[in-house]
Amino acid sequence: MKEKYGAESGAVDGNSAPDPSESNSGAESGTVDGDSAPVPSESDPNTENRPMHCVVGGAHAFILRISSFFGLAPLRFESRSNGFSVGISSAMCVYSYILVTVLVISTIFGLVAEINVGVDLSVRMTSRMSQFVSTCDVLVVVITAGAGVYGAPKRMRNMLKFMESVASVDTSIGAHYSLATERKLCGILIAILLFFSVLITDDFFFYALQAKKKNRQWDVVTNYIGFYLLWYVVMILELQFAFTALSVRARFQAVNGALALTARHIAVPLEKVRDPTPLNIFAIRVAAESRRCANNVSLLVDTMPGREHAVIIRNAVSGEPKLVVPPCEAIRRLACLHGSLCSVVQRIGNSYGLPLIVILISTLLHLIVTPYFLIMEIIVSAQRIHFLVLQFMWCVTHILRMFVVVEPCHYTITEGKRTEGLVCRLMTSTPSTGMLPSRLELFSRQLMLQSVGYTPMGMCTLDRPLVASVLGAVTTYLVILIQFQRL
Amino acid sequence: MKEKYGAESGAVDGNSAPDPSESNSGAESGTVDGDSAPVPSESDPNTENRPMHCVVGGAHAFILRISSFFGLAPLRFESRSNGFSVGISSAMCVYSYILVTVLVISTIFGLVAEINVGVDLSVRMTSRMSQFVSTCDVLVVVITAGAGVYGAPKRMRNMLKFMESVASVDTSIGAHYSLATERKLCGILIAILLFFSVLITDDFFFYALQAKKKNRQWDVVTNYIGFYLLWYVVMILELQFAFTALSVRARFQAVNGALALTARHIAVPLEKVRDPTPLNIFAIRVAAESRRCANNVSLLVDTMPGREHAVIIRNAVSGEPKLVVPPCEAIRRLACLHGSLCSVVQRIGNSYGLPLIVILISTLLHLIVTPYFLIMEIIVSAQRIHFLVLQFMWCVTHILRMFVVVEPCHYTITEGKRTEGLVCRLMTSTPSTGMLPSRLELFSRQLMLQSVGYTPMGMCTLDRPLVASVLGAVTTYLVILIQFQRL
Amino acid sequence: MKEKYGAESGAVDGNSAPDPSESNSGAESGTVDGDSAPVPSESDPNTENRPMHCVVGGAHAFILRISSFFGLAPLRFESRSNGFSVGISSAMCVYSYILVTVLVISTIFGLVAEINVGVDLSVRMTSRMSQFVSTCDVLVVVITAGAGVYGAPKRMRNMLKFMESVASVDTSIGAHYSLATERKLCGILIAILLFFSVLITDDFFFYALQAKKKNRQWDVVTNYIGFYLLWYVVMILELQFAFTALSVRARFQAVNGALALTARHIAVPLEKVRDPTPLNIFAIRVAAESRRCANNVSLLVDTMPGREHAVIIRNAVSGEPKLVVPPCEAIRRLACLHGSLCSVVQRIGNSYGLPLIVILISTLLHLIVTPYFLIMEIIVSAQRIHFLVLQFMWCVTHILRMFVVVEPCHYTITEGKRTEGLVCRLMTSTPSTGMLPSRLELFSRQLMLQSVGYTPMGMCTLDRPLVASVLGAVTTYLVILIQFQRL
Amino acid sequence: MKEKYGAESGAVDGNSAPDPSESNSGAESGTVDGDSAPVPSESDPNTENRPMHCVVGGAHAFILRISSFFGLAPLRFESRSNGFSVGISSAMCVYSYILVTVLVISTIFGLVAEINVGVDLSVRMTSRMSQFVSTCDVLVVVITAGAGVYGAPKRMRNMLKFMESVASVDTSIGAHYSLATERKLCGILIAILLFFSVLITDDFFFYALQAKKKNRQWDVVTNYIGFYLLWYVVMILELQFAFTALSVRARFQAVNGALALTARHIAVPLEKVRDPTPLNIFAIRVAAESRRCANNVSLLVDTMPGREHAVIIRNAVSGEPKLVVPPCEAIRRLACLHGSLCSVVQRIGNSYGLPLIVILISTLLHLIVTPYFLIMEIIVSAQRIHFLVLQFMWCVTHILRMFVVVEPCHYTITEGKRTEGLVCRLMTSTPSTGMLPSRLELFSRQLMLQSVGYTPMGMCTLDRPLVASVLGAVTTYLVILIQFQRL
């Protein structure tokens, strides 16, 4: 039966010219596999450093514009009919570097100035100990923002590259663009930023008011303005990562949707059919000028250079998605797409590695220190209501920051597990004849070897168990502290 | 040999009409896999929102009735010959919501009233610190009960859905109904509830007596009555989860039993044959009206629509179970059943996710705080015997609560490992000819990809190592505290 | 080629009568797999409760005799030419139960008596706190010894059962008996026991001398004699587990040796050939009367009832081991043996579950408390040299106890990994024709599904990382305590 | 098609004489697999104890020379044209043992002398507590250096053995020698050593100056000189491990490069082609005299004894690497090379096991104690600037030490994951005809069974999560300590 496969797949692809020779030679002589095939120069060096562009829209364009303002996305935006065409901009790089350097220097000078004022006049550093804690706090923010901004050009270049992978998924799957989803995401984004702005402003005014009693309000304003602006940079960096991860996760969802459609096509019953048109595909579309080179990511071009072959699902006029290739071929292409999405996840994890680790450590430290002050304030005295509310809001913010980073990763892992479940279901239910079982076996082995997950710098996996262990450590620590307080 | 398979399996199924065409086309043309098969509309939308019913009996009916009384199962019970037919009831939903809202509001008002009384007159809050601890305690119970009751309708709808999967296993395996097992389970249930009632009552009266000295006994009663009733809700919620998990685990056991029977059938010797008739199948039977749609869960309908084909084991008149399909087909069907049970486990984990996480956190906190008071009481003074006994009983209760949640999950995992062992044993012992090895290979790959286990919200896996780490953390913490006490 | 396999294996086994029919039918009709094969009643119920016997010798007989004296192995020993024939003895069960009940009661009465004496006169309980710690210490020892002795009959019955599996490995592999290894093991055993006896005696006399100053030496002797004897029971229990685990590990080594021999046979080069005759097989031999029923464990009997077919390796007159079956058949049989050894490991883990968990917890607690006293003694004052030495020896003993339990498990896991490495090596190096690759694939899948390791009660895996985490926890804890002492 | 394989691979290898017979017999009779093949005596005992030599150059030769001076590499160096021929030297063994024995004895005598001086006159032990801490510090260094030097001969013998595996990879892959990479590595090595020397000297002079005030400077010099020299031994030992691990990791990189080349050869598009000539192969070349016996490691010699068959990639005159075997054969050979590199990793982990564990524990302890002093010094008083700088540099050094040990292991694991990704990519993209899919399946199963990673003594895996947990423990601990300080 194996000898028939070449012809079979040839018939499927519609262009059987090169295939029979291959299958024949494979059956008859041993010299074919490596020698006769010319090595295609698909990864020629000039594609590496060509100017990269891609078209973004919706929530992703929104976060990129904000990031760009804070120096975290040195991109040039050109308005198009369907969004913005973005590309690396040298001018924006210079702007980013100048911005963050000025902020970092002013922050550090402010810190030194506050320390030199002494413990009696300062409003935040009323003891040597709090001088030390405040210095740590400021340094953590400075390092995170620095790691974010100085690494931004490289990160954006990476982003442009993997957006091509992502766009090839969109083409293959026949994805829709949902304005409603994009608007909802923009709404969430604005809500988080507004909440954070209110908190930062409140915190700022609280200490300015405290300082007014000592007639130092203008000193405090000039000393801390850089610090508060860097906090913004950190927050935007986290949101940028979260939206990038969510955007990749939407593609995993689309692949799973296509897998479910394939399953229904070969009469495998599924418990619950998700909405057939995965509308929450975000708006990333590779522009026309980079469409040509998108081929070297779409792995399905090995037999003919036609532009329609990568399409797995096309939407009929009725809006119903329809498989345009046989299931066996669909599984093969979906496995390829899954593999390239896995490597996209890995590359995102690498490019956000250092900032994510610094963010996690700083969140852990803040989650240990802030609730302690909050609880002590509650137990010892409840007079300073403003301080109490401020501390509570900081607590909420730090927990929120952790969830902003971890939840998109968790959703991605969940989609990865759904893929495993769907492949299992397909394996047990398909008949054992034809190419399908061997394709599914390949897919299952691929799933065993490649796991979906963000591991910044290989330090830890960003998932809910990480949140559980962080919260567990914080809880135990707080209980110990409060218990001893009690003694 | 593969070309023969179509015919072979056709012969096995007794109805070889559609099969040869498939195997022929699979061997000759590549266009079969996806196109010629019409897509069956087995998951048409009207099955989604049809009124769901199922028949329950025995211990599961008992716990559902109790849950229903406490608002955790808004179901309508109709007595049948073999149990109760249950379905979602809107009236019960309203009752549940009103009940829990009243309890929560009265509890919170009681808490505020107690705090306002001040540390001198209160019996449980004799310091600012214990005010804080008591507030946490009350809030944890309120949140757990709220998460339990407000999510109950969705959870029950899920339960009705997966009970169909469970019922299809029962039909396939030829399961028995054991009155003795059900009675034993009801006994355990009543024993746990009685123990808990005694504890709650004792605790209540202890504090009422304390309050009597300050002439505040009626205040305390009205302030705390809601709190104690919410404790009941929490306890019932845990028991409901435990019984649901046990009921699924009994199906895993039945699948393992069928696997062992298949192994004996093909002359694979096993060390120890478990009791051939797995009698501890709980009493969940899908009623006649939903039997029709149970087909979309039983995955075995792909070749013919007869209603007997899903049966793997039938009990002979002698009471001996007997395979009614060839071993190779039995393995295929058991793999399907195993897969659908795995997804049942996952859905139960999802629908009980939030309450389970809150319960675990509250148990951890209680296990840290309660033994500390107990040990301090022992070391410092042993006069207040009643308080000592009460604290000891609370300790026992919290450990019991953890085991009530974790043990059914552990048993399920153990059954999952037994399946792996049985499949391994079958793999090594079967001859290498025929379809059996490839079926077993599929089963083994499925077991590698899908793991059996409850992971509420993806936070942690409910198993014994979790208990070990919780107990380890508590022990270390207590040793540190007592050691410092010593200094 | 597959059609030839039946004949091939038939030719190999020397008795090809039933095989061709099977291979033919497998190739021609689909009705063979399950129906035509009669179900053999190899696991008939009367083999379950038949009187079990097996012959043990060497170090294992030695530890069983000592265990038997302390009530941990209620066996009847009959001297044979090659060791002792052992079987469950009801008289010894009664002796064990009486012994441990007397010891437990006397220990608890002693404890109560010491507490009632008061903190002024007692030598070990000089404060309420040390009363609490001492009570915990005594209770842990009582529980461990109780769990050990009361579960001993069941454990021994299990041991007799899995010894048959072990004996079938010995027969198949052609194992030798090494007197030297046995003597070395007995030596280690005696050394550990002597060290422990000296420590216990020294500890006993230290407190007796202390008591002499208060004229209470005889009270102390009667109060504590039971406690010290129970310590012995605990120690013997640990050694019994260690020797059982070592004995199973020797069989894994033998299977690996046979695998390496097979590899050399098919010209796969290995870096280093271990000693071809695995001499450290301990002396467990199933006696003649249970040889008959050993068949139901050896899984290789499915086609013919000859008694020589299970032999994989036989030693030539020159002492050189030689494969007596073709490599492909050898791999199949070794996979079976490996699988049955895995289930032996699992059953040992189950039967020693509770005592092992109690031992681990008590070791953890002792390792936290004992070094603390030692270090405090060193830092505060070095006058009481005897106490210092005693505490140091207790530290060493507790670390030794942990290693006695964990090291045999670690060695077993290491052998399991060596098997994986050997199978990998064989997979990459064998030619891709013949049955060998598919047999190796089966073996590799079996290794992926079944892991070698002791997990008492599913709580944790007994391995070196467990030791690392225990020692890490103890170290951190001690550093914190000492640091605070410093402040 | 399978029957064709023998001929196919024979044609590929250029020498088809022994192959057809094998494939024929495999297809026709079942007695071939084990009996007719003569067992080759490739691992005859005289190759075990033959004098081993290998030629090293570049950075590896540099670190070995330094190690040799400090007694950590008892080798005889003979200058060759392309590096140094090294072999075990008995004279150097004696030198090593004498050196370390003298240093250890002088260190311990110095320690005892300092303790006997008393807390008033000593400069490092100003209290009983710091006497205890200092003693622990000295003992840890003594144990690490002792474990390093006394185990050095065995470790070097192991190194010579696995260098042959490594050299066979170099031959097969056609590796280059890059002088630039070697010089960069030597530079890093010298920089680390210089930094450490400055630190050690500064620390030494700091305490000598302190002692001068008490007129004890010469006592301190003689008491501590051994201790500081042993610190050097420890540092060199870590660097030796790091360079060995880096050298193995370069081979994994080369195997991955060859895999990528194979992928390009069969027209599988890869996102980014790494530099085609992996220049960072370190300079380890087996000398001519041991080339003969390198065959027993290169696993590819099983059919013919020619010396060219193991070559997978040869560099064309244009400098472009070129596959000289068909892809299917290349995959097979690369899988073999990967397997042998995995066992090299395991053997390195075993031979450095004990020193690595002692180093990890000592680093953990130092990382807990040193930052505490640093932070206390900052908070309490900032007068002693020299002491502050010294403590800070020690902190940096201990973190550096941990990274020196862990980073090479992390890089190795990363390469292992890259192999998995490449194999997945190949699996999904290759056509399903020919031998290639089955070869890739074998490779993927091998990757699932054998993991790449250093696990010294099976205690833990050396990777970044270990660093994360160490830093997490240290952070939590410091926060607790400082928080309590605050109270």
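Which chain is which? They are A, B, C and D, in the order written, and residues in each are numbered from 1.
Heads up, the rule we're going with is that contacts are C-beta pairs under 8 Å (C-beta built on N, C-alpha and C of every residue); 3 or more make two chains touch, one makes a residue touch a chain.
The shown structure was predicted, so the numbers you read here are calculated from the model rather than taken from an experiment.
J.: In terms of touching chains, how many steps apart are chain A and chain C, taking the shortest path?
T.: Steps on the shortest route: 2.
J.: Determine how many degrees of rotation, between 0 and 180 and to the nearest 5, align the Cα atoms of chain A with the equivalent atoms in chain D.
T.: About 90 degrees, rounded to the nearest 5.
J.: Would you mind working out whether chain B and chain C touch using mostly the same residue numbers, over half shared, or mostly different ones?
T.: Different residues, largely: of all residue numbers at this interface, under half are found in both copies.
J.: Measure off the straight-line distance from the CA centroid of chain A to the CA centroid of chain B, and report it in whole Å.
T.: The separation of the two C-alpha centroids amounts to 34 Å.
J.: Residues touching two or more other chains, restricted to chain B: which are they?
T.: Where chain B meets two or more other chains at a single residue, that happens at 5, 435, 445, 448, 480, 484-485.
J.: For this structure, give each pair of chains that are touching.
T.: Pairs of chains that touch one another: A-B, A-D, B-C, C-D.
J.: Along chain B, where are the residues that touch chain A in the complex?
T.: On the chain B side, the touching residues are 2-3, 5-6, 22-23, 26-35, 37, 39-40, 42-43, 48, 128-129, 132, 161, 296-297, 299, 301-302, 332, 335-336, 339, 342-343, 346, 361, 364-365, 368-369, 372, 435, 438-439, 442, 445-446, 448-450, 457-460, 473, 477, 480-481, 484-485.
J.: Using the touch definition from the top, list the residues of chain D that touch chain A in their complex.
T.: That would be residues 1, 4, 7-12, 262, 264-273, 323, 325-328, 330, 375, 378-380, 410, 413-414, 420-421, 423-425, 427-429, 431-437, 441, 444, 447-448, 463-465, 467-468, 472, 475-476, 479-480, 482-487 of chain D.
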